[in-house]
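The two complexes that follow have chain A in common; it is paired with chain B in the first and with chain C in the second.
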Partner chain A sequence: MRNFSSKSATPYLLILPYFLLYFAFSLFPVLFTFVISLTNWDGFSEMKFIGLSNYVRLFTKDPTFYQSLYNTLFVMVFSIPAQIALGLLLAVLLKDFFLRARNSLQLINFLPYITTPVAVGILFQVLFDWKVGTVNAALVGLHILKEPIYWLGHAWSARLVTIILLVWKLFGYKMIMFLAGLSTISEELYDAAKIDGANWWQSFYRITLPMLQPIMTFVLITSIINGLRLFDEPQLLFMSESQPIGGPDHAVETVVMNFYYAAFRNFNFGYGSAIAYGLFIVIFFFSFLSMRMMNKGGESEK
Partner chain B sequence: MKNKRFLSFVPVYAFVGIVSFMAIFPFYIMMTMSTYLSEDLFTGIKLLPGNYLIENFKTVMAVNFLRFYWNSTYVALTNTIGAVFISALTGYAFAKFNFRFKKVLFYFILGSLMIPPQLGLVGFVSEMRFFGIGNTHLALILPGIANAFGVFWMTQFISAAVPSEILESAVMDGCSTMRIFIQIVLPIIRSAQITLFLLFFLWKWNDYMGPLVIISKEALYTIPLSIALMGTEYRTDFAARILALAISTIPILIIFAIGSKHLIRGLTAGSVKG
Partner chain C sequence: MKSKWLAIALIMVTTVAISFAGGSSEPVATAAKPQAIHVWGWDNSDLSKKTYAAFQAAYPQYYIETTIIQRQDMEQKLQTALASGADVPDVAWIESTYRGSLFAMDIWEDASKPPLNIDLNNVLPYLLPLETTAKGVYVGPEVPSIGGMAYKRALAKQYLGTDDPQQLKAMFPTWEAFVEKGKEVLKKSGGKVYMMSSPWNTFIFKNGQTNAPYVVNDTQLNLKAAATPILQLIYDMKKAGIVDTYEANSPAENTSYTDETHIFYPCANWSVTFTIKRNDPNGSGRWGFIVPPDGGFPMGGTVQGIPKKAKNKIGAVTFLKYRYLSEAGAKMLRDWQGYFAPLKSLYKDDKFYDLADPFFGGQNLQKIFAQDILAKIKDPRRPNKYDQQVASAFNVAIQKINTGADVNVADLVTLMETELMQRNPELKR
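Up next, the complex of A and B:
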């Protein structure tokens, strides 16, 4: 194995393009952003080094940061469990009950995930519109509501619509992940359980759920990381002249929206960079926490 | 699971039916609404298509939509092809070669998966401005060609799917490393390539924040940016706006309808190893 030995330069040449591109366009920007976060800079004029002031302001004097973090977490707390429950249930049912229609049902439920988020935001703006909205028309038409609701005009309903949007958009992705996980579980386990007289719910609870634990960890962590980065959909959902940032009472102003407005609308590059690092710390904390929790859960099973 | 009584099927079918209906209904409404005159949309739910599609289409085309279409296609395609190739090349090295610092470098790549893309955005925009490409398509194409997820994925796939014996006998026959990679490795990992292609293309095509902070010239807009900004310009012409959404969604739907089997097979293969 001449060519595959450790003396040859070949493997280094193979990985070189990746690392060059990574350093130039990913790692350098990340480090540079940290330098910028220690300055007062608008992106054009001279940088002024101000030490950790941006971070002091972010963590001690900026209620908007905590409010946007709260808004983001609020939406996540309701939407992620719903996405996971719906995705898991659908995956299990598709696998057990829909042998022939499985592929087309898979695709149908996956469609919301692949649709451009910008389009989803506008589409939901239309569906939940006060006057033209399909949702109001249907609810009034079916006599569930007497009066149309101004969905995008109240803080509580703005959050509700955002949660519905996220569940609608993301449950199909969860379903695909769980279907991938399910296909790795050996059929023999189920056959053995059936011989022992287990019913469908018992084998779901005793075999499927524990065997899906690794994929569940993965799904949960990626959901948290992506959830904390929420931007496109609420930004578009409430993008009109009459709405403040993040909808009524800023109810759905997320951390990344906060970051975007600070850095790229108010051209406060220094403070915007500090918000980005603040978000990174939060993401790191939550990923670490959920990994610890899932590992503990796994150990107590054994 | 074959001895189910008929009754237990009914709620299952009903549930799956309702969920699937909810998943697809907004698309249907989007399609039908795009075939009406805007004023008519205010008169109630439109379940059947109308006859104003051509007129709405003309309105959409009047804002240079084809140009934005081309921009999105070109940016997404160049980035995706580059990213899939680099991922495969790097994955090949990690899967089939032994070299010093291999473990450290691989963990470095895994660790970089934790970094959210927004973290370096301010620095990236400043860097691009410094190099004088701050308002170009190149600044959209370059980031993400080095994709940590892609490398991780390809490393897993290649070490499982490509037998080392074939590679060794090719070396014995005097094949160069690049020839082995292109003529032997790449054909074997075709399904992994398709999976990554679909995912990368989707991410780049749908990306909104990148173009939003990098592109300010209208001729360079991508589809998400154009429909986001068209929203504010077209406040009055609801139907045209919805048609623009429908048109922007269609290519992705077609690509995934063709490739979804590969995607699911590819994801499954990845999770077997991971």
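Up next, the complex of A and C:
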């Protein structure tokens, strides 16, 4: 039998703090949330065990869950490709055409990402205000519109403004990711392509894009996961006293917003926890699907 | 090694014993340390601090410790404190928007029962239902918050022919008369001048003036009876074109206070300072005030509640009685902050609230609020745990009216019912 000496215990002791913190602040809350989802609990009185009733209500009796899921996916489907396309385009342009001003342009384009969501929400409320917003003033002034649009008052325009906000806020982060990826591509490949007579577009399509596939996979999967967890921006954009939850007709009420209002506004922690687990199932499914698709794409190229 | 640890332990025990022994032999001549009264609220102004200092001078055995918590965060802060076993305040501010759900938490001490003993006979009667939970617990007093109608004198003179408050009041005996006059104003101004800036302002008036509950017997929706008159008025005003399309309390709507295209606004006693004067700081003399059609109404308000788990309930109720239910406290509220007090006896003397306001052309707003509004409010709508959700459902309906969508009031009420039932399966039509 091996003696348990202090030397063999040391590595375990060194990694113990991480695991303690992980158990306390990650694993335990996740497991306890599941326990709460099986109860009827308002957060401070006694928990009442009700089994799977919250899940039955969530999946069979609550249209707001599916509505919020639809809203979330709708915003994601339009905002993520735009963020990725814009981020990639800017990364490539900065690398190929704006070498001298690259650092300052990088910073300027990254600023929206680090701007606090509260400020962004107020900014977009003012920009897209029906009566005095800058956007309406510009569009009417340029005769693109005859009448100003009530951007924050219709379901379709509320979604459009939210998508624009997300693209504006997040493309800078994508750009940074792609810049990092571009820096790993050897210049010799581009030189060889030039010698073979390839133009810029051909180099981009046949060298840059395939070489960026690992980064693209990472960006796409993290975008999907973060997209499904969308909360801050639509919440702050439609937080005024005259707005319903999630904006006009609840058009941008996301799943996390639905969970937040159920748990922290209506003090129904049991049902809110069930919504959180419902979202977990959806995120798991989409992550699995994206990884399978991206890996399949990689395998077929081999 | 063992004896070394024993010696250290002995020294530590001896040191602790000496410090306790030293403490007990001190003479009992020092005054007892003042007890803290922990208040959670959002007003940290100099005037509030002045009030606290006055209370501490009158009751030196207490001092006030405030923690600033915004009104929209109070629910969560209290719930987090209770769930985690952390300390709760001795006094928590409960704003009207969140009152229903905070009352439903059932965490409040009954301030009218021993040992707190607030005498409800001293409180303005109309306030009692607003300060009592569904289970009959009296939570605590509040500064009466009541609403009337402010107007821009120059626009009233130009488009209605007069800026005299008595004549204007006589012009609008009902909301129907208000709508008809609004059509005349619209025509006279070539479609440029509106009676009100926002349909949500119409909601504020009519919601405050009606008292039919939105939910009865805990689960029965009553929106057909309660919401229909409110939505109908908003719809009629929109159809007549006399109300503009601003969103309530938006930056854009705030700028309308200084323009020349919107005449009337809801105006609570606290709106004078926090809304009218704030949005139109150079508007002294430009404003007037009238009691609106259908009379004045409760508008906002913040109840001071003592949680059951508060540590210093006696201190808390002493403070509340001093600040809200004593003549000394009422004078401070009146003179320092322009607020009213809920003490019933004050309103027998029509000189107690008697102050002309040059901002409103010298009108005696305090007297109007005290004698023409406060004294006449009866039986307001009680707080309910679904109030916030009902407000959100109203927002959906009002937004549809505001966009000019092809809707009718009955469909909007059905939409509100559907929405509430989806989020709260226990509710029924």
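In this section, the second predicted complex is superposed on the first by the 295 of 302 C-alpha atoms of A that agree within 3 Å, B and C clash if a C-alpha of one lies under 4 Å from a C-alpha of the other, contacts with A are read in each partner's own complex, and residues count from 1 in each chain.
The working rule: contacts are C-beta pairs under 8 Å (C-beta built on N, C-alpha and C of every residue); 3 or more make two chains touch, one makes a residue touch a chain.
Note that the structure is predicted; figures quoted are calculated from it, not measured.
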Quiz item: Which holds for A:240: it touches chain B only (first), chain C only (second), both, or neither?
Solution: both
Quiz item: Given the superposition on chain A, which partner contacts more residues in chain A: chain B or chain C?
Solution: B
Quiz item: Between chain B (first) and chain C (second), which, if any, makes contact with A:281: first, second, both or neither?
Solution: neither
Quiz item: If you stack the two complexes on chain A, which partner ends up touching A:18: first (chain B), second (chain C), both, or neither?
Solution: first
Practice problem: Classify the contacts of A:232 with the two partner chains as first (chain B alone), second (chain C alone), both, or neither. | Solution: first
Exercise. Scan A:32 for contacts with chain B and chain C and give back first, second, both or neither.
Key: first
Quiz item: Between chain B (first) and chain C (second), which, if any, makes contact with A:249: first, second, both or neither?
Solution: second
Quiz item: Which partner does A:97 contact after superposing on A: first (chain B), second (chain C), both, neither?
Solution: first
Exercise. Check the residue A:289 against both partner chains and state whether it touches chain B (first), chain C (second), both, or neither.
Key: neither
Quiz item: Of the two partner chains, chain B (first) and chain C (second), which one does A:130 touch, if any: first, second, both, or neither?
Solution: second
Exercise. Mind sorting out which residues of chain A both chain B and chain C touch, each in its own complex?
Key: 43, 126, 131-132, 240-241, 264
Quiz item: chain A touches which residues of chain C in the complex?
Solution: 75-76, 79, 82-83, 101, 105, 107, 198, 200, 244-252, 255, 388-389, 392-393, 395-396, 398-399, 402-403, 422-425
Exercise. Would you tell me which residues of chain B are touching chain A in their complex?
Key: 1, 4, 9, 12-13, 15-16, 19-20, 22-24, 26-27, 29-30, 33, 41-42, 44-45, 86-87, 89-90, 92-94, 96-100, 102, 105, 112, 114-127, 129, 142-143, 145-146, 148, 151, 164, 167-168, 171, 177, 181, 202, 205-206, 208-209, 212-213, 223-225, 227-228, 231-232, 235, 238, 241-242, 245, 248-249, 252-253, 256-257, 260-261, 263-264, 267-268, 270-272, 274
Quiz item: Residues of chain A touching chain B in their complex?
Solution: 1-6, 8, 10-12, 14-15, 17-19, 21-22, 24-36, 43, 86, 89-90, 93-94, 96-98, 103, 105-112, 114-119, 122-124, 126-127, 131-132, 134, 137-138, 141, 168, 171-172, 176-177, 179-181, 183-184, 190, 200, 215, 218, 225, 228-229, 231-232, 235-236, 239-241, 256, 259-260, 263-264, 269, 272-273, 276-277, 279-280, 283-284, 287
Practice problem: Write out the stretch or stretches of chain A touching chain C in their complex. | Solution: 42-44, 57, 61-64, 125-126, 129-133, 150, 152-154, 240-245, 248-250, 262, 264-267
